[in-house]
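The following pair of complexes shares a single chain, chain A, combined with chain B in the former and chain C in the latter.
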Partner chain A sequence: MTYVLNRLLSVILTLFLITLITFAITNILPGDVAMMIMGTQSNPEALAGLRQSLGLNDPLLVQYGRWVGGMLTGDWGDSLIFKKPIAELLSQKIVASAIIVVMSMTIALALAIPLGVWAAVHRDKWQDTASSSTALLGVSLPDFFWGIVMILVFARWLGWFPSSGFVDPSENFVRALRHAFLPSLALGLGLMAHLTRMTRSTMIGILGQEFIRVARAKGLSERTVIWRYALANAIGPVITIAGLQIGYLFGSIIVMETLFNYTGMGWLTYQALLNRDMPLIQASVFVIAAVVMLTNLVVDLLYVAIDPRIRLD
Partner chain B sequence: MNALVTVDALQVAFATDSGPIIGVQDVSFTINPGETVCVVGESGSGKSVTALSLMRLVEFGGGTITGGALSFRRPDGQVLDVAAADSQVMAAIRGNEIGMIFQEPMTALNPVFTIERQLTDGLILHKGLSQTEARTRALDLLRSVRIPEPERRLRQYPHELSGGMRQRVVIAMAMACEPRLLIADEPTTALDVTIQAEILALINRLKREQGMAVLFITHDMAVVAQMADRVVVMYRGRIVETGTVTEIFETPQQDYTRALLAAVPKLGEMKGKPAPEKMRILGDDAAYAAAKPVTARKPEVLLDVRHLTTRFPVKGGILRRTVAQVHAVEDVSFTLNVGETLALVGESGCGKSSCGRSILRLIEPQSGEVWINGRDIGALGPHDLRRARADMQMVFQDPFASLNPYRRLRDQVAEPIQNFGLAQGQALRDRVAEIFDRVQLPRAFMTRFPHELSGGQRQRVAIARALAVNPKLIVADEAVSALDVSVQAQVLNLMMELQADLGLSYLFISHDMAVVERVAHHVGVMYLGRIVEIGPRAAVFDNPQHPYTQQLLSAVPIADPRRRRFADDLSFKPITSPIFPLGHQSAPSVYTEVAPGHLVLQS
Partner chain C sequence: MKRFLSVKGLIGLILVGSMVLIGIFAPILIPPEAGTAMDMTSRLSPPSWAHPFGTDQLGRDLMVRVLLGTRLSLEIAVTAVMMSILIGLPLGMVSGYFGGITDNVLMRLVDTLLAFPALLLALTISAILGPNLQNTIIAIGVAFTPFLARIVRGEALRVAQMPYVEAARASGTTDMMILWRHILPNILPAVIVQATISIAFAILAEAGLSFLGLGTQPPAASWGLMIQASRDFLDRAPWTALVPGIAVALTVLGLNMFGDVLRDILDPRSK
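After this line comes the complex of A and B, so read on.
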């Protein structure tokens, strides 16, 4: 319990630091929101009036307090380019991106775990080399390259999946998944490499442990020994790596969603950056950071559920 | 012939990059129902490979049975050739007709499964029991290995159990399907001596009750003497000698067996001898006869430890504050004379290593004084402490871990000399060569790396490094514990020779009572951070006064089959926790002097 509380506290502390940093950075950049709205050629008096009405002349601490207060109460302000409330925009886009994140991680784990176990069981044999090469191929080429390959093979030549666009899952769930599949697959191939390496090395360590010999000496089948006794021990570190990769995934998502014209968080952030939509940048950076933090919290709690040794603290 | 197991000309090969190498060769012996056969040998003798072959588990370590036959008589009387059996049949035999227990109780259980799951899965698989039936049987098993509160244990995970308790669970697991043969591969090597005694007694009782045969693999001749009906001595993958336990111990036929026995210190053999004596190494009789007796000189105090106390914080809570303290060393006082050895003995966690490290200030003690040569070590600043460390060096247990794998041995021995600016250039090279001579290592080894040496040779390098700066005190923390018995004897002899020649003082930290009896002038017995009894070696060993010393001595296996001690169940008082809340006032250690210099802690 202390462990869970500890983790929660550290999440809250980190989120606080993130608000400070995002707020500070957007305030250090040249040009302010009033200038963005009115344009650089605008009337100085009107500009000053807008500044006054937007509260941009208040001390920074007051502005920060207002921003955080708004975030807490659900008033996230309006996006300058989309002319819509940010909260509404984000809540749509985050669902779109969540589909991609979950799907790509599922694909990555579904490929990496069997591949890693296979490599570990046949350590230093051709299977091991084959598995490592496959994993390495996934990571050594950039994701957008895989994105292009996916579009060519599965959309252009085979025509199995759509090459671009986003469908709201509440309208048509199956179509939504079909649209998310190719970007997810491209991302999953990139994620797979580390997870395969991790599965392999953890499994090799575990398979050398005495309790594996004991399990065999009990007469348990090789399948039980590997997929239950060993994997139950190896899965923790793999999931931890997967959790850390969620952060990396949000970086790649910007490229991938833009490539597939898939209108999720990544696409939105890219638009905001391109158009210097400060309030939207602040909010999306904060949301992405919060999501990454929370996923890692969930992963850590999952680890507690898997490994009884951590429960004791 | 009604033998349960007949091993005939077994040969096992291991595939390596440079072609197959033979692990064991021409190994033949039998095990009759209900008897204990001990396979004994030093590391690399092939004893474990032989045991694993019987279960065909050797395949999982890259080995292949390339020759010979392994016959196992199944319950229906049919004799099966294990070497040729298919893997289905083997899976049905493993854990069912043959049970196996291993060395490391700490790692023998799957950390993420409950005890119940691990105890029952074999029963469900082999005996077709339901979950409930298996659970009932598991409870019976836990009771039969004398684990307290069996219901609660079933729900627990391995890390919640002590080492001794875990080994009992492992034994219960191996016994679950009532096997006709139990293979025990070094089952007590990783355990403290009192727990070892309990486990050995337990195996003896189960064997008697169930009429089961035991194949007992060990490197420890004392355990062999206590357990075996018959003995198989192995060396470098071959059998050296086979015989009944009394034949092997009393009329060994082969030189190797004789040498092995000579290298084993026997508890009690120093009775009536005034000073430590070198181990007798076979084929080295001339050197033995010529050896100077290691006598004490005119007593002159080198090390004076007064009320030494070391505590470690236990962190807890959200802010990671210190919530309690481990009282690792609690009000310890003793003196050590020039040219003498004081042994600190005790079981794991008793604080003996922390005590050694606190004296050298490798960890900072809480309070107390340490005087070496009339200098207060505790009062030294960083600069003076560094200089003072030239007088006090340390030798650790694992020479592979304490030597840097990337540096040549010459440079590692030279390093402390350079650190203290004692010599350079040709003088430095001469000094290093001289030290290699001292520890009886060929000078050709100077340019080698640690992995090119054997364990015993590496420990000689570690000793050489400690000697390099001409120290007065050497703290030897389990310095021979990881070594094979014949190598252990050689290193002990080297240490005693160096003591006689250089007047070194040793603080000899060890768990091995028989070794301590051989090398120590004085002995301090530690328990829960305190010295409970201290005095001249003869006084402590021949006339132990503190209950803990008595318990410890009664648990030591003796390398003599006519002095067996572990017939019935034993149960020693478990060691209580050394963790105390903050602000806990520990009572000072007060001693009664029962004889001159022989002090016993008042409780």
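After this line comes the complex of A and C, so read on.
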């Protein structure tokens, strides 16, 4: 209980720090939000009036207080480019991105765990070299390069999947998944590389332990020893690493969603950055950092649920 | 030294060495205008004797551009990583050595910064400062600082508990002197390993930033920009994406392999 309370307090403090950092980064901007709204050709008096009405002349601390206050009461302001309430925009786009994040993580884990186990079981043999080389190549290519290859092969040449656009899953679930597949596959391949390396090294550590030798001595089949005994122990650290990759994933979706014209959080953030839509930049940067932080918390708790040997207190 | 001669170490060393040599000599041997010289009669022509890597949509020779891009990529990545070391090293050292409230405050801040995906942080900073070469370096440098500070702090914490540091403290050596003479030399191997791997990530980040138009700007021969420009011609001229893509991959692959071997040598605990 104390642990949960402590964690909760720490989450609140971190969220507060995230707002502070987001606000600080976006306010070192030499540009002028009022000019962004009205354009560079607008007359100075109108600009001054708008600045006054938006409260841009107030001290930074007051502006910060107003921003955080607004977010707490559900008023996130309007986007300058989309002319829509930011809260509404974000709630739509985050669903789109959640599909990609879950899908790419599933693809990455489904490929990385067998590949990592295979490499660990055949340590220092050709299987290990093949698996490690694949992983090393995977981390060495920019994921947007994978994205381009996917478009070329699966969309242009084979015509199996659409190369751009987003479909709302409530309209047509299958089409939604088909649109999300290529960006997820491209992200999943990049992610897989990290996870394969992690699975391999964790499995090697576990395969050298006493209880594995005992299991083998008992005459259990190699399949049972590896998949039921060793992997059950390796899965915790692998999931932790997978959770930590969520941050990397949220960075990458900006590139990938833009490349595939998939209108999720990443695409939205990119549009905001490109057009210097300050309120939208602040909100989306905050939301992404908060999601990453909360995912890490969930992974921590999940780790405990998976591995009963770990005690919270 | 022997371990550098492993296959992996050797390939890494050769790749990194070649890229550094290309980075140094390509801009000296190739006249700068060759990188932007357009030839509209040979647009998107496939690899041939005249253009070994083919040409792009403006008829520019891809081999020349990819060679010139090496300097740019390495320059940005190395400078950005040096910048992150310059900020992250003292922060991490102070935090790990002094501990207590300083450590708590600094690391809380670093942990919060780590919640921001590095690419998002770099993109935001670059978009806000205005995308150009200098701001790309600043954006990547700042985005990478929290990682470095975290690693340095962990190392400094470990070294600070060593008996020789205690002995130095007992004999009245000042904190500044201990940091300089005992902590710094002992955490340097870990920093060098991290820096090598960070350069690989910085190259990927620069390519990502430029790909999104928030990094180096045209007509610079940046690998990320070249891949971005290739998007509209993928069907007709896949080499326009493959050539810069392979350049990024080989450099990053080399740095990763080199970094792995370097880690085994300099930091045997992590093996």
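Simple rule for what comes next: the second predicted complex is superposed on the first by the 306 of 313 C-alpha atoms of A that agree within 3 Å, B and C clash if a C-alpha of one lies under 4 Å from a C-alpha of the other, contacts with A are read in each partner's own complex, and residues count from 1 in each chain.
In this text, contacts are C-beta pairs under 8 Å (C-beta built on N, C-alpha and C of every residue); 3 or more make two chains touch, one makes a residue touch a chain.
Only a predicted model underlies this, so the values are computations on that prediction, with no experimental measurement involved.
Asks: Please work out whether A:I12 is in contact with chain B alone, chain C alone, both, or neither, and reply first, second, both or neither.
Replies: Once the two structures are laid over each other on A, A:I12 reaches no partner at all.
Asks: In the overlay, answer first, second, both or neither for which of chain B and chain C A:S140 touches.
Replies: In the superposition, A:S140 touches chain C alone.
Asks: Output check: A:I25 vs chain B and chain C. Expected answer is one of first, second, both, neither. What do you get?
Replies: The second partner, chain C, only.
Asks: Tell me the contact category for A:V153 with respect to chain B and chain C: first, second, both or neither.
Replies: Touch partners of A:V153: none, neither chain B nor chain C.
Asks: Taking the superposition as given, does A:V62 touch the first partner, chain B, the second, chain C, both, or neither?
Replies: Neither partner.
Asks: With both complexes overlaid on chain A, does A:A289 touch chain B (first), chain C (second), both or neither?
Replies: second
Asks: Quick one: name whichever of chain B and chain C touches more residues of chain A.
Replies: More residues of chain A are touched by C.
Asks: Chain A residues touched by both chain B and chain C?
Replies: Dual-contact residues (chain A): none.
Asks: Mind pulling up the chain C residues that touch chain A in the complex?
Replies: Residues of chain C touching chain A: 108-109, 111-121, 123-125, 127-130, 200, 204, 207-208, 211-214, 224, 227, 230-231, 234-235, 238, 241, 245, 248-250, 252-253, 256-257.
Asks: Report the residues of chain B in contact with chain A in the complex, numbered from low to high.
Replies: Its residues touching chain A are 55, 57, 60, 91-96, 99-100, 102-104, 107-113, 121-122, 125-126, 157, 159-160, 170, 173-174, 316-318.
Asks: In their complex, what parts of chain A are in touch with chain B?
Replies: Residue list for chain A touching chain B: 2, 5-6, 9, 209-211, 213-221, 224, 229, 232-233, 306-309, 312-313.
Asks: Touching residues of chain A toward chain C in the complex: what are they?
Replies: Touch residues, chain A against chain C: 13-14, 17-18, 21, 25-26, 28-31, 136-137, 139-142, 144-145, 148, 151-152, 156, 247-252, 254-255, 258-259, 269-270, 273-274, 276, 281, 285, 288-290, 292-293, 296.
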